[in-house]
Each structure stands twice: as C-alpha cells, then as structure tokens.
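One chain, chain A, links the two complexes that follow: it is found with chain B in the first and with chain C in the second.
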Partner chain A sequence: MSSRKNKLTLVDKTKKYKSLIPFVIPAVLFALVFSYLPMVGILIAFKDHPNFLRYEVFEAFSKSKWTLANFEKLFSDPDILKYIGNTLIISVMKIVILFPLPVILAVMITELRSKKFSKLVQGLVFLPHFFSWVVIVGIFNNIFGMYGPINNIGSALGMDPVHFMGEPGWVRWLVVILSGWKEIGYSSIAYIAAIMSIDPALYEAAKIDGAGKFKQIWKITIPSIMPTIIVMLIIRIGYLMDAGFEQVYAMLNPNTLETGEIIGTYVYRLGFLAGSTDYGLSTAVGLFNGVISLLLILGANYISKKKTGNGVW
Partner chain B sequence: MDKKLTIKNGKNKIRESSVFYTVNTIILVIISLVCFLPFLNVLSVALSSAGFQINFKPEGFTLYNFKYVFQDVAFWRAMGVSFLVVICGTALSVIVMFAAAYALSKRDFPCRKGLMVFFIIVMIFSGGMVPNFLVVKTLGLNQTPLALILPSVVQVYNLILIKSYLEGLPGELEESASIDGANNLQIMFKVLLPMSMPCVASVSLFTAVTLWNNYTSALLYLGTAEKWYPLSLYILNYINSQPDILSGTMEVIQ
Partner chain C sequence: MKKILSVLLLIAMLLTGTVALTACGNKNSGGDEINMDIDLSQKIDLKVLIPYSGKSIEEVNSNTNAKLIEELTGYKVTYTQLPASDASGTLNTEFMSETPYNLIKLTKDQFSDLVKDDLLVDITDALEKFAPDILANISEESWEVVTVDGRIYGIPERASSDNIENPIVLNYDLMMQLNLDVPETLEEFEAVLKAMTEELGAPALTFDKYTPLIHTVSAAFGIHSFWQEYEIDGKKEVRFYMNAPRYEEYIAYMNSLYNKGYIDVEVSTNDASNAVNRFVNGFKGGSGAKAGAYACSLWTVSSIVTSLQSNDVISKEEAAGELDDYLCYLRALKENADAPEKVYRSSGYSYVTAIPFYMAENAGYALDWMNSKIKDTEGEDNFRQIVLGEEGTHWQKTSEGGYMPINPAFAEKDDAHIFLNGTNENKYTDYWLARVRKQPELFRAWSELMEDADEVGVYNLADFTPPLGDYNVYRSSVEEYAQTQFYIMLKEGTGNLSTILNQLNNAKGCAKATEDINNWYKDSYKK
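Then we have the complex of A and B:
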C-alpha cells in the first residue's frame, strides 16, 4: 500500500488533489510578486546611476548603461568597508556577549520552586520583546539621556554626565545592551522548553549520589540542552550579516554614524535619502550582503542538520 | 561513624541548595526589575512636568502630556492606520498562509517539495530595499496603506508552523466531512480552522505584533504620504524631531 502511494505520478497527484490546487495559488502569487519579482530587480546593481526619480522604472532601467563600477566601488570605498566592519563588529559583539545569557536565564528560571514567581519572572522578561524598536529606543533615550536615571546615579557618585546616545564610542555598546534587554527573555523560551523536557529521574539519581546544585546543572542540565544550544548558535551565526536594521536605524544620529552605520542602514541611506541617492550602488551593496547571508545561512543549516539532525527546514 | 558522615554531608547539601535558591531568587528579582524599571521610568516621564530630573516616580505630577497627545489629530490618525494595517494584514496573511499550509500538508500534493523550496527561498533571500521599492512603486502601491499590508502577506515561518500542525491532526474528521459532502473550502473553514485554533491564535499574535511594530515598510514605501504613517513611524519621527516628554507619553500609550 505504502509503496504504491510513493509511486503516484505527477498526473495522478494532480488528479487526486485537483480541488486543492487553488488553495496554494494566492500564496504563490504573493511570493512571486513581492519576493521573486524584486530578485529580477537585482540587475539594477549592474547599472550606472539609473534615475528612477525622473523616469518610469523600465525607462530608467533601459536608459542607464551596464557597468561593474558599483562592485568596484563596493570593494574599494573606505566608507563602505568601514560600514561592513561596523556590521561585523556589532554582530560579533551581540553573539559573544548575548548568546550565553538566555541559556543562563533559562536555567535560573527553571530552578525556581514557586510556580507563581516563575510565571511572574517569565512574564516580565518576555515583555520587552513585544514592543517596537521605536518605543524601546525612545525609552532608552530617556534612561541614558543627560537627565535620565543613569546620569543621575552617575552624578550622585560624582561622575560627569555622559551623552550616551550621541557618543561614537558608546553606540555599539548601547546597540548590544538594548538588543539584550529586548530579546534575552524571549530567546530563553526555547531553552526553558528544552529543560522542562529533561527526565526528572536524572536529577533524583544525582541527588542520591550527593551531587550539589551546580554539579547537577553542569552535568545534567547543560549536556541535556546542548543540542538546542548548538542549533541556536549555528542559526545565529547564519544571521551574522544582519546587525538589526530596525534597531540601529532608530538609534543612529549624525554623531554616531561613524561607528554605528551598518550595511542595512547604509543601503537605506543610499537608496532613499535625498542628496545621496545612488540606486545602483545601493542595490549592489544589498546584493553583496544578501549573497553572503545566503551562503552563511545555507552553510549553517547544512552543518546543523549534519551534526544534530535538526535544521530550520 | 559512617552514618554520621552521611548525615552531615546531607545537611551540607541542604544548606548549599537553600543558599543557591536564595541567591537565584535575588538575582531573578533584580533581572525582572531591570526589565520593568525602564517602563516605570517612561511612565513617570509621561506624568511629569517639564524641567525635572526624573528617575522612577513622576515629578510635578500632571496629565497635561496625555491631554496634549490625545488632542493631536495626527496621533489618532496614525493609531487608526496602525489598527487598520494590523487587522487587515493579520487576517489576510493568516488566511492565505493557512490555505497554502492546508494544501501543502497533503503528502501527495503535486510538486509539494518544489513548492516548499520555493517558499523557503523567500525566507532566506530578498531582492533588497531598492528592488522591493521599485516593485511596489510599479504596482502603484507606494504612498498607500496597501504597501504596508501586501508585501508582508507571505510569512514562511508561519506557513511551516501551520503546516506541521495540520500534519499532526487526525485525518478522520476531514474524511467524514467530505463524505457528508463538504467541499474543501468548507472543510478548511468549518473543520480544520476550529481544530487548529491554538496554532492559529499564536501565529496571528506573532503576525499582529510584527505588523504593529514594523516601521521599515512605512519608511520605504510611504514617502511623503504622511496621512498613512502608522503609529510606529509617527513616533519615530516625533522622537527624532523633538526628543522631549511628549514622545514618552506616546510610548506609554503604545
């Protein structure tokens, strides 16, 4: 029976599910128009300054010359190289500093004895995830502002006030701190779920053998959730080139462009802000970013599947 | 001798674990406060008069800021746009994704593997900001709220979630419904959708939160059509133009 099922030809399958085909069509159409059609637009990366502001899309496209100058500029322009560097630095800082924290938080939350308190803590640490970056950046503009709590505490301790949000030296740290504040709680969900599914008998046995709390965590909890940790880490590394457009764009100001501008915000500035518009270069930088991301994600998924049997798809 | 030692050892263990428990609780209280205090700060700022140093309680208590924001027509309009986008966008996206997931959850659906690859490519590669904008512009959607809804209909992660949920449902109900003469559309809306409510509810919540918070689409596609700015972009522009107490009030409301 099952072997016969596998041998259904495409014609048989189509006959069998003829009436279900219309169900998948809207999704396919939306994907074709809003995701695949733009991929054709990548050709703009090989065009010399197409003027979409002045002409219709197709006219502007055919009027401009084919060129590789955008890619030459991408690999030689010191500014662009700096922004690629910023992206990598911010991303690596986020991974190194922030990746372990949800694991630790999950272990701590699951060690709580009171169910009510545990629910309360979870509620509070998940809360920031549901707010827009706009709101969170606004809140921390106050917190780190000249007259905000941080500087108030600082001046009580006799320190000079710092304009954190406008300091090139602080912006990367603030990106990491805000990102951590928003997402650590929410990222811990996966680990909490993994810890909950560990067999309690393991801990009973360890207690009888006289293992203390730390030993139990180190020898039972961490090894049990290691597969989850590895999958999460690999996926995270796959998104290395994405330092968080919505966050960084909301945080940047002219003072902090130098150290805070990332590829995403630069692509936006080149493509959309009056005065510096260069559609060809913007698309080229975006394409470069997209291709590297694609390779990283495919590689990450391949390694994850091979090592742990789990991937994103 | 031996027995005494174990008892003593056991006591140490108990003491160690209660110390661990206390320290753990204290640290978690601190972490919860760190998550919560910024919200308290912004609430305090919103309830304070200008010209004070504000930590975590209002100084010079006033409701003036709220009154001011509530009288701002543009604020209400932005709020209305946000609600419109969230409601229409979530409904459209979840229905389209559910229908596709329904078809793709059938093992023998034609080109099933190929279609999954087709959608996963959407998840991991994009044409980039400028090509996306040009497509929206060519379709005449720029400067309209449709630009905030239509490009984000396809949510591949939700598709995968719903599909695996549907694959886990027992097939008998669907079969008996079709024997009773229900067509696929009826099966989808009257049998499968009610049965997968837990999954649909959480997917709808994700989508609604994403749409409510998203400001990139508005930034890219709306241009100067300020009457269609959603709340997120409206607040961002407000913060950038005059970073003062009023922006704090808007954040509280959101």
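Then we have the complex of A and C:
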C-alpha cells in the first residue's frame, strides 16, 4: 500500500504469494463464520429487549427500539469500578506470580535425566487441569477449612484458626494459589515443546566451553524459548479483563464479595440469575471488555516489539 | 488448478452465506390458533419437555410410571428434559428453533418470562372443551397464578402440601445430658446455645449458605416469610423481609450470637452435607467440626437419620422408628412467653405446564392427555394410580383413613412427581402424605411441626402471585442480594444497614417490586 519502491503493494503481494492463498482459506473462513459474523450480534447491546423467541431475528430486531440504557446501567453502578479493580488486581497477581512458574517447571522437567520419571512428573502436573473448578474448590474448602490440615498445623503452632475461604483479605491469594495448582502443569506444555526443539549442538558447544548447567539454562534455554514466552505473555495480557469466571464464581461467598467479585461474576449475578432473556446488558459488558482487551494486547505487543524485537505481529 | 480452487472458494462462501441466512429465518407463522374441531379418538403422539429430573432421559422414558400413564391415557408420549445447569438458556434455544413440544413443564419464573414475551398459548376457551376435569379439580386460587389480563396461559401445579418445614433441629440427647428444656423464647434459646457450645467445644448452631432467614428465630421479630403483610403506622402493606420493621433487631440478635461464638464460623461456605455432618458429629465424642442445633429444612431429617445410623449413633432398628430421644424440632421462638406463636408455612406452585405458541394447533390433544391424568373418581382413578399405585400392592389404608405405603413396592412411585402436569388438588395432599409416612421419624417431625398449622401458619405472598411486571424482573436479584447481605451482617453487625437497604430498594429494584406486589395484593388477592 506504500508507494515506496522497496515495499510491495497488496496486488504485488497477492501475485507473488498466490500459491499460498489456498492454505489460509480454511482459517479465513473459520474466522469469518465464527468470529466476524457473530459480531453483528453486538448490536443487541444497543437495543431494548428484542423478542427473538417470538419473531424472526430481523423482525425482532427492527421491532425493538435503539437505546443506550444498557451502557447507562453499566456505568452508573458505583460498584462496577470496584469490580473492575478486583478483576485487574487478581489478573495482575496471576500474571506476576504465576506466569514465570510454568517456564521454570518446563526447564526442570526437561533437565530431568530419567525419561520415565520426567514423563511421570509431566502426567501428574497436567492432571489437575482436567478437574472441574467446582471439584477443586470443594477439595480446597476442606483443606483451608476451620478443621482442615492448614488450620490444624496453625493451631499446633499456637495460632488462632482462620476461616480462609471467608476472609476478604485472603480470597485473592487463594484464587492465585488454586489457579496455580490447577494450571501450571498444563501451561508448561508449550515451553516444554519449545525447549525440545532447541538444537542440542548448542549445549554441546557450551559444555566444551566449560559452561555449567545454570549457565546453559540461562544463556541457551531461556533465550531460545524467549519468543514463545513473549507470545504467551501477550496472549495472556489479552485476557487481563477475564480473571477466571468459573474459578472465582465457585470460590466466592458473601463474605468475600468485597475483594473477590470480578466483572464476569458480577454480570452473571446481574443478568443471568434472573433466568431472563435480557442479553443486552451482558453484550454491553462483553463489548466493553473486548475493547479494553484489544487495547491491552495492542499495547503489550507494541512495547514488546520496541524492547525485545519479538511480537505476535 | 487455479479454476478449481476459485470454484471451491466460491462454493464455500455461498454455503457460509446460506447457513447464516437459514439460521436467521424459518419462524413458523401459521398454527397459532387452537383447532377446536379435532377428533380425540384419533390420538396423536405427544412430545413433552420437562425440567431436569435427576435421571437420564432414557430412564425417564422407560420409567414404570411413564408406561402406566401411556396405558391409562392411550397417548404415546416422548419426554425430553432440560439440563441441570442453565435450564433457562436451553429453554430459550428450544423456543428459538421452535422444537415441536406439545407441552412444556416450566418453573413459575420461566412461565412468567415466557408469558411476558407472548410465547405461550392462551388456553382459556380450550380448557372448557378439552379439560373439564382439570377445571373441576384445580382451585380458583391456583388459576389466578396463571392468569394474565383475564386469560389463562398454563396449568398450575400446586405444591403437594402446605407445610411448616423450616425448623431448628436440636440434639435432644445432648440437651438431656445438660438438663436443658426445649427453649421457647429468644433468651432461653441463647442459654441453650451457650450450654451446648461450652459442652461441645465448638459453636452450637449451624446452617448452610442458602439460609438467609432463620425462620425459627425471625418469627420472634414478627418476620415469617419473604413477602408478607405488616402493619406500619396503622397502615397495612406488603414488604420484603429486609424492609420489615424489626429486621434490624433480628440481625442484631443473630450477630450477637455470632460474636459470642455460638454460630458456626463457616456458615457462609457450608453446603447442606457439611451442616448435616456437623450436627451428626455432635452426637459423637472427639474433636473436629460439631454442632448441636441445625436450622434446616424438614426434608433434611431423612439424611440426618441416615447419617446418624451410618455413624453408629443409632442402630438400624432405631432408625426405622421414631427418634424422640435424639431429635427435637423447634419451629418458632417467641419474644416472651406470652407472645402468640406464628411461623412461616410454605406453599406455592412448583411448576406450570404450558403450550408453546407454535404448537397451538394440536393443543386439544395435549389438554386431553393432562385431563385424563388428573381424573380421579370411583370408576376412573387415574390420578391415584399415577401418584400412589394399586391398593394392596403399593399402599394400604391406615386406621385413620390415611394412606400407608407398602415397601418396597412403593419405591416405584418415588418418581411419579416427574410425570405430573397439574395435580388433583382435592386429593393430592392426602396421597402425598404417604411419602412422609415412609419414614416414621420424618412423619413425627412433620406432625409436630404441623400442629395447629392453620392458626400459626403465615404464608409467603409471593407463592401466589401471577406474572407481575417489575416484581418478576427484580425478584431474584432482590432475594440474592438479601441472602448475600445476611451473611455479611451476621459477621459485621447492622452498622451499614441503611446503606444496604438503600441499595436493595433502589439499585436492586426492591421498591418497584414491592409496589407491584402491593397493587396486586390490594386489587386481586382474595385469601
């Protein structure tokens, strides 16, 4: 599109790479059908209760009035800012505390000498990913309960028992701890794969030069998987506004709403508990979330490109 | 090669377009009128959508009760059920795709939503022609619940029995050891909790996370049900319980019990099984989670008995009888010994069966089928057969004329309720009691709680409302908010009550809902 000679125009590019085009068709179609076409639905956020059950989609749409009521409701709620805050705090805590752990785990697993043991460890740490949150929260409710092992150890050391699951000060930490317990193993897959594909010649050369294990990890493994780490981080930042609905919903109780309620659970409470057909409000929140996430992802990618030269695009 | 590719691409694009368009179109425009001239001797196959039954749909369709109904009515029926979670979401999709269900069994909330959106068939005129027995055996009061602007949109299914069913169950064994009398007033209750707490070494009172109103306690403050009439400055009006004149006192009392260490710290995270375990552990020695009093539902008694037996507190023989040495039931506390006793009595409509608008044409068959199920006369006792089964096989008469189940054959009838669409209100309560008689301790509890029920019982007015605009929109958010705030104030006291009430009445819509329910109460409620 640029007119400079060293840059190709869109037409030139199309001509040059035409043999590659058929390969992207399925992906483009997929995105069109499942991602772009449904975007028309965003209009529901600006409509006053269209009756989709009674009328055809277009008829229901044209019958209902345009409105900004959903956005007014969303932004006039004094609590919403607090819940956006909770969402961001929990998300940032998850990224800062949990993001490095799968990388470390992946390095540790790949450094294991016994292949059998390495496979066993991988299997065990993947396992929690496949449990549902309701089950996991049930287990941890007991572990952190008034009569559970944590409090038993605590009272043996002379501390007063704490109802961890019902303490506003604890809930965010528990969200991070449980999330880590469940997902670290599974998140490490991408890094393990990246480490496996590093050229072994690099390590041999390093050994000959007298580099120890830690030096090898620091100077070869980490730099080699850095692009993977960056991509994962940027993708992760895109989900900043989603602090894990399913997990938080299962963990929350009245006493921890103050510090634990996130946007996802709040909107669920607002709209869906009524079992009504009011999709407008949740669509409005979805749109708001989407816009913020897009900005975050663009920002993260920009910074990463500036600083490290790696980016998603 | 290039050509083939572009042709393929074009086809793919066209397909996408068609799929997108057909997904939007296809709403049925005809068939919205009931055909009154159908020939009922030429029966058609019916499709019925029911709420989640707890069983697989194959089990539902092959259930003995389903077979029995097919024999009795002559209609072949296929049942489909909604999923356990997000039932309303699935229900919406079924409507959007116009899945051909002749009948849909709905909760009252779902019914209200669907009526509001004009999705159900007006069956007022068809009832007389196709369902005379339904008309005769469902009360005027019940029809009110499904009537909007004078027209009827569904068949109401009244709760089996108006029970007093929210007691605090006490560990009577422990009370006898400590020489405690059954408490009647708030003060005596606190003394009992204090003594129990000291003996157990753990907070004496437990309940689960879904119990925002401890009916036994709130009764002493004049609060009995979620929505009831209060006299305020000489004026009578209906209010939600959080707006009751003495709600603050109720919270302050509960908060003081909590602060003194008599209430389980984990109530906000307890599920029912935790609470049962704690209560049963109170009968055993040792350390750990224990409680001596449990604010529960009458229906928990069965699991308490089972759990007492499996923990070897009672023997199998004892579990098969009455347990008056172990359990006692407290239905309402009083402010002082002379105050009259009043307590919440449940009622209402578990389900409403309705016909989706696009299936109006064959509504006659569906009504005829339901009508046939509800018939219960000397010659044709279909309803009794469905609910109770055969005399001598499933049940026998007791000396007082009640129905006594015969085990194990009666177990077949445990699932009969899944297949009901409206009940024969003249008979159902008597039949239903057979279920309570199945366990002697449950029957004892029920009988004790139900003593003078007509004098002491206070109903929840919301149990009798027809679909009411704002009330239906806000009810669940109001109740959800009230529940949340109870567990917060239980710990923190009433300091923020005015802010909380302000939030409840404005942001959560309680003021609007209250206005709606008051208008209805003044204009149409006739009880």
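Everything below uses one rule, namely that the second predicted complex is superposed on the first by the 200 of 313 C-alpha atoms of A that agree within 3 Å, B and C clash if a C-alpha of one lies under 4 Å from a C-alpha of the other, contacts with A are read in each partner's own complex, and residues count from 1 in each chain.
Heads up, the rule we're going with is that a residue touches a chain if its C-beta (ideal position, glycine included) is under 8 Å from a C-beta of that chain, and two chains touch if they have at least 3 such contacts.
No experiment lies behind these values; they were computed from the predicted model shown.
Undergrad: Is chain A touched at more residues by chain B or by chain C?
TA: Chain A has more residues touched by B than by the other partner.
Undergrad: Under the stated touch criterion, which partner chain does A:G286 make contact with: chain B (first), chain C (second), both, or neither?
TA: In the superposition, A:G286 touches chain B alone.
Undergrad: Please work out whether A:Y17 is in contact with chain B alone, chain C alone, both, or neither, and reply first, second, both or neither.
TA: A:Y17 contacts chain B only, not chain C.
Undergrad: Determine, under the contact definition given at the top, whether A:H163 touches first (chain B), second (chain C), both, or neither.
TA: second
Undergrad: Have a look at where A:V33 lands relative to chain B and chain C in the superposition and call it first, second, both or neither.
TA: Once the two structures are laid over each other on A, A:V33 reaches both partners.
Undergrad: For A:L53, using the defined touch cut-off, is the partner it touches chain B, chain C, both, or neither? Pick first, second, both or neither.
TA: second
Undergrad: What is the contact status of A:G210 with respect to chain B (first) and chain C (second): first, second, both, or neither?
TA: Touch partner of A:G210: chain B, not chain C.
Undergrad: So in the superposed three-chain picture, is A:P254 touching just chain B, just chain C, both, or none of them (first/second/both/neither)?
TA: In the superposed model, A:P254 contacts chain C only, not chain B.
Undergrad: Under the stated touch criterion, which partner chain does A:R269 make contact with: chain B (first), chain C (second), both, or neither?
TA: Second partner only, chain C.
Undergrad: Where does A:N141 make contact in the superposed view: on chain B (first), on chain C (second), on both, or on neither?
TA: Both partners, chain B and chain C.
Undergrad: Do chain B and chain C touch any of the same residues on chain A, and if so, which?
TA: In chain A, residues 33, 37, 52, 57, 141, 145, 147, 253, 272 are touched by chain B and also by chain C.
Undergrad: Across the complex, what residues on chain A touch chain C?
TA: Within the complex, chain A contacts chain C at residues 22, 25, 29, 32-33, 37, 51-59, 77, 141, 145-147, 163, 165-166, 253-255, 257, 269-270, 272-277.
Undergrad: Which bits of chain C are touching chain A when the two form their complex?
TA: Checking each residue of chain C against chain A gives 5, 9, 12-13, 16, 19-20, 24-27, 87-89, 92, 95-96, 109-110, 113-114, 117-119, 209, 265-266, 268-269, 288-289, 357, 473, 475-477, 480, 483-488, 491, 507.
Undergrad: Which part of chain A faces chain B closely enough to touch in the complex?
TA: Contact set of chain A toward chain B: 5, 8, 10, 12-14, 16-17, 19-21, 23-24, 26-28, 30-31, 33-42, 44, 52, 57, 105, 108-109, 111-113, 117, 120-121, 124-125, 127-128, 130-135, 137-143, 145, 147-149, 152, 181, 185, 207, 210, 212-214, 245-246, 249-250, 253, 267-268, 271-272, 279, 282-283, 286-287, 289-290, 293-294, 297-298, 313.
Undergrad: What does chain B use to touch chain A in their complex?
TA: Residues of chain B touching chain A: 9, 13, 16-17, 20-21, 24-25, 27-28, 31-32, 34-39, 41-42, 45, 53-56, 96-97, 99-100, 102-104, 106-111, 115-116, 118-122, 124-139, 150-151, 153-154, 159-160, 183-184, 188, 209, 212-216, 219-220, 232-233, 235-236, 239-240, 243, 247-248, 250-251, 254.
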